[in-house]
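Structures are listed in the sections that come next.
In what comes next, chain A is part of two complexes: it sits with chain B in the first one and with chain C in the second one.
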Partner chain A sequence: MSDRQFGLVLALPAIISLVLVVGIPGIQTLIYSFQRVPLSDDPATFVGTDNYGKVLGDESFVESLVVTLQYTAGYVLLATVLGLLFALLLDQPLRGRGIARALLIIPWATPVIIAGVMWKWLIDPQVGGLNAVLFEIGVIEDYKPFLADREWALVFTILAAAWHQASFSALLFLASLQTLPNEIVEAARVDGATAWQRFRGVVFPWIRPMLLVVVVINVIYGVLQFDTVWVMTQGGPGDATTLLPILLYRQLFIFSDIGAGSALAVMLGVVAVLVSSIALILLGRDDPLAA
Partner chain B sequence: MASRTVSRPVLRKRAVTALLYAALVLFAVWVLFPFWFLVNSSFMTPAEAVAVPPHWIPEEPTLGNYSAILAGQVAPGGAQVGLRVLTALGESLAVGILTVVANLALGGTAAYSMSRYKYRGSRLSYFAVLFARLVPPIAIVAAFFVALRDLGLINSRYGLVVVYISFTLPITILVLKNYFDGLPRELDEAALVDGASRLQALWYVIRPIARPGFIAAACLVFLESWGEFFYALTLTNQLTIPPVLAGFRGFFQFNWTTLAAATVLAVVPPVLLALVFQRYVVRGLAQGVAK
Partner chain C sequence: MGLGLSLPAAAALLAACSGEDPEATRRTLRFVGWDFLPDTIQTHLDTWAAVSGGTVELEVLPVTGYPAAIQTRFRGGDRPDLFYNFTYLLGQFLENGWNRTLNDLPGVEERIDALYPGARSRFVTADGQITSLPYFSAVFMNHYNAAMVEQAGFSGPPQTLQEYYDQCAKIKADGISDAPYESSWLNERIEEYLMATLLGEGITPFDDAAQPVFADDPRSVDVLEWWRAMYQDGLTSPTILTDDNPELIGGMTQGTFAFYAGHDYWLKIFNDVGGPAAADLRMAPMPGAGQTLLAGEVVQMGPDLEGTALNDAWDLLKFYTGADNDGNFTVPLTWVEAAALAVPYPSFFEDPAIQAAYPDYYDLGVITSEYDRAGTPAARALSWYQGFQVKVGERVNDMLAGDATPAETVANMADDAVELAAG
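On to the complex of A and B.
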């Protein structure tokens, strides 16, 4: 066997697997999005772009799109900024830094769905601790059922997901900061640069490629967020937290409309792939972890 | 006696240090407060959990919630909460391990091939992996649902493992290819010169040296699999632990304290895994996810 054949044989099982579990389901979903798919195994019928029209023409789609954009904006801002602050803090030569870095891993290792369970009950008016804390320090005058309020529900479903994701962002920022040669920062310090000047002139340009990576990942996770919302509010109260993935779930599994659900899925998938491809191209050879 | 005068820059430096430590404390609170509440609740009786103001340490700590789960007890409300939690934890473990094994076998060989060998379409297969990495799971769920339904594999452990390969295999390949790329080619070549076959070079020379890469990939895949909620919700009938935890909704249907204990049992394995293999995981995360 030649080296070329050997290489192909080694890679083939994985490539075939990916074709089977990503390629074909992807194409199948695309096909469904142009079909009416019956509940039984009767053959599906071609309906053109009806499903897309149905999804886009529904006013719940527009509402959901607005909520999704609000959710994503809050989530990206919180997860990215907190992550950057955590990383900068844990990059300082402080006592206890080792323990703090271990702590940093914990929210990331905590599955998003479990973060949702924890936060749901933490802010519960009957058993939760947050109401008591806010009450004690005088922020609120009564125990509030936060998840019954449209705006608070959005805030806390964002917060629970960002609690997990800020750690993820911080881990990536920290990895990038650790490749920054100390001499560069020291040289700036010797030249009399203030902390802010060092950050703006040296540290920030260094982590900028990683910032792009983190923001893109966070945008995609924001737009596709399902777990915390499902476990905390199921999209409610009303439709206050009905993100597009929640809408997709309803189409597919509540209304059993495989066609319309697939149309929405295709649109979400295309957006996700496009956003990350553009980022990859922008990034080019700009390796975020280059030493 | 000379008074201890402190110069301005020194004072400033001390103030900054104090602020940094204050920030470190805030960071620890952010990470640990939800856990404190969760663990605290899990050792309380249902009556104590609704105390106003809440108890920050259980006054009458009880192991009742854990023993109810471990004994598979029937919870108030008639649902066999305990039994379902234990079974689901077992299924999560099984699905996680099977997914990891499949990933290391398929991904290990493919990553090695992509790192060392060129063949017709080798670049294309690498781009296929990158592309598969970008396809969001939620976008192809419809196809999985219909296929598993028609095959009678809804609620099947093995069906879920096959589906999980779709989003874990690209991660494994990218992490491992990155790791192999960092190993000098002379290692393989020396083995070949010594008369080893290409397969023996991979198995006896590269595999042992690449252990950290395999550990990183295995941990990342296990964490992804353990916390996966969307597919488990839609393609199974609460088979694994995430949909079981999310299924406890109403306050009167069950005790929050029992759910807290179940959640603790569900969050300990991934957090422990991430902490024990911290170094490997963070490296894998930075190099496999960010690149």
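On to the complex of A and C.
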């Protein structure tokens, strides 16, 4: 057996799993998106692009798409930057670093539902700690019902989800930082490079491939966010946090329109791929290590 | 309500006379419910099996996501014999042939006739199809903090929407509570509050043909004016649009809120949770001289039943949703004890065991008088209505945000209902 064949054999269980749980349902969803699909045993009928037209013609889709893109931008930025900061901090030879690294995994290991509930209580105007802190340090003059405000509701649902994801980003960045030879950093230090110059000229180029991975993962997670937002606001107030996955849930299980829901799912997938591709193109340009 | 001879026994007797073997069509039934007291559900199923000689397997799904899970199962061909369901899914299940109607089953008419009149439309469609029997029911009540109301100088809870506003305003002005009024105005729950308030004001939301006639009644705009004033004048919880059960329970039991309009079982939850204000909480009829909204969920029969299995399922359904063959409310009694959940039969509230099971702080006279005037629009069980619930959430939110007037909101909601009903 050649190395190539052996590699294929090793990958086979994963390939089969992917085909079964992603490939076949994905193809079925694509087919449904061109059909009118009754919930009963009656056969589905081909309707061309009617479902896509129906979704695109619904003003709530456009509003939800805008909210989703805003949400994803904030989520990716926060989850990535916070993750990078955590990783850089925990890469330093600090006392208690081992414990801090172990603690880093806690947000990521916290079930998403619990994280959402926790954040909802944290920012509650009656009993939440955040208002008290902001009030005490003079940032706010009165306790704010953040989730009652359309803009703040979006901000805090982003924060809650990004907090959860940032620790995962940090773990990935930390893994990359661990492979950076200390001699290179020391050489830069000896040459008189400042901390910022060392980060910009040595550390960042080294972790850039991992940055790409982290950003793509975060984009996908951002576009597909559901749980945290559902727990905190159920898409409200109004439609302020109605992301596309929430719209999809409603289309499938409230309006019970499998065809339109499938079309929306396909479009959601396209949005995820498009945004990921844009991130890849932007971050992949001028990679000094790729030359 | 007892039938004397149980149906399985009757079926066995008939089969014996005709020479058929009843065991040939007997099989283990599949029962799907959600995860409220699953051990108690299992105990009930075991009790039924021991008495009837039938067998039944229980499958418990999380209540969060249950509608999606049960729809997906049916869509995929996995069809249990008996299952919990949400009332708003009744029309959809009926249209898709996912539930067996009960009309041909012996004694079902007596069961339906024994319901409170206002409850009938939850279980019987406009064209007479009996879709289900009650898992539990509740009526909308006004929960209030008696100490706060008294401290504000009122002799009792509000009787009208104007009094409601005035009491909240006074309680806030006096510094007794910054947020006197709490409800569950999450997007998809707003519709229930809308219906409760419309019915309370004596407004007919939908006619017999499920047409939205609430728009024809000028008082509907008044209701939304009240709603908007409560919110925009700061008399509600500031986060009322995203508050869920934990905020509600915490706020009522800690004395943050003075009022909560919702199902009658909440009073037991508040008392079970406890807190400095729990002992001050009381329950009164919803303001308004009209109807109160009847709510609750159902148990349905799957479509694949026949022979002895059908008889077993019917026997189990009756046992589970009302009086058993001996006339005892065996199963509903446990739901009362656990959570003050009722079933909408006058005979249920007349049963001494049920009366004894209710906590002392429940005034059953008030509850039963509310059941007497309770109702629910038949349209709420139609398949398009779920979409209307979403639309109402959007429309009311827009109004509260100042993007639409109450008059526009009423007109838009009526248009939404017509459009959704037309498919």
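Here is the rule we use: the second predicted complex is superposed on the first by the 249 of 291 C-alpha atoms of A that agree within 3 Å, B and C clash if a C-alpha of one lies under 4 Å from a C-alpha of the other, contacts with A are read in each partner's own complex, and residues count from 1 in each chain.
Keep this in mind: contacts are C-beta pairs under 8 Å (C-beta built on N, C-alpha and C of every residue); 3 or more make two chains touch, one makes a residue touch a chain.
Remember, predicted model here, so these are calculated numbers, not experimental data.
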Checklist entry - First (chain B), second (chain C), both or neither: which does A:187 touch? => result neither
Checklist entry - Who does A:100 touch here: chain B (first), chain C (second), both, or neither? => result first
Next on the checklist: One more residue to check, A:122. First (chain B), second (chain C), both or neither?
Outcome noted: first
Next on the checklist: If we overlay the two complexes on their shared chain A, which of chain B and chain C does A:29 touch? Say first, second, both or neither.
Outcome noted: first
Next on the checklist: Looking at A:66 after the superposition, I want to know if it touches chain B, chain C, both of them or none. Which is it: first, second, both, neither?
Outcome noted: neither
Checklist outcome for this item: The chain contacting more residues of chain A, comparing chain B with chain C, is B
Next on the checklist: Contact-wise, after the overlay, does A:41 reach chain B, chain C, both or neither (first, second, both, neither)?
Outcome noted: both
Checklist entry - What is the contact status of A:233 with respect to chain B (first) and chain C (second): first, second, both, or neither? => result second
Next on the checklist: Touch test for A:256: chain B only (first), chain C only (second), both, or neither?
Outcome noted: second
Next on the checklist: Tell me the contact category for A:148 with respect to chain B and chain C: first, second, both or neither.
Outcome noted: second
Checklist entry - What part of chain A is shared between its chain B contacts and its chain C contacts? => result 41, 117, 121, 124, 126-127, 249, 252-253, 258
Checklist entry - What part of chain A is in contact with chain C in the complex they form? => result 38-41, 60, 117, 120-121, 124-127, 145, 147-148, 150, 153, 232-239, 249-250, 252-256, 258
Item to check | chain B residues within the chain A interface of the complex | outcome: 20-21, 23-24, 27-28, 30-38, 40-41, 49-50, 52-54, 56, 105-107, 109-110, 112-114, 116-122, 125, 128-132, 134-136, 138-147, 150, 162-163, 165-166, 169-170, 173, 198, 223, 226-230, 233-234, 242, 245-246, 251, 256, 259-260, 263, 266-267, 270-271, 273-275, 278, 281-283, 285-287, 289-291
Next on the checklist: Give the list of chain A residues in touch with chain B in this complex.
Outcome noted: 3-8, 10-11, 13-15, 17-19, 21-26, 28-29, 32, 37, 41, 85-86, 89-90, 92, 94, 96, 100-119, 121-122, 124, 126-129, 132, 135-136, 143, 163, 167-168, 171-172, 174-176, 210, 213, 217, 220, 224, 226-227, 230-231, 245, 248-249, 252-253, 258, 261-262, 265-266, 268-269, 272-273, 276-277, 280, 287-289
Next on the checklist: Per the contact definition, I'd like the list of chain C residues that touch chain A in the complex.
Outcome noted: 67-68, 71, 74-75, 92, 95-98, 179, 186-188, 238-242, 246-247, 250-251, 256, 383, 386-387, 389-390, 393-394, 397-398, 400-401
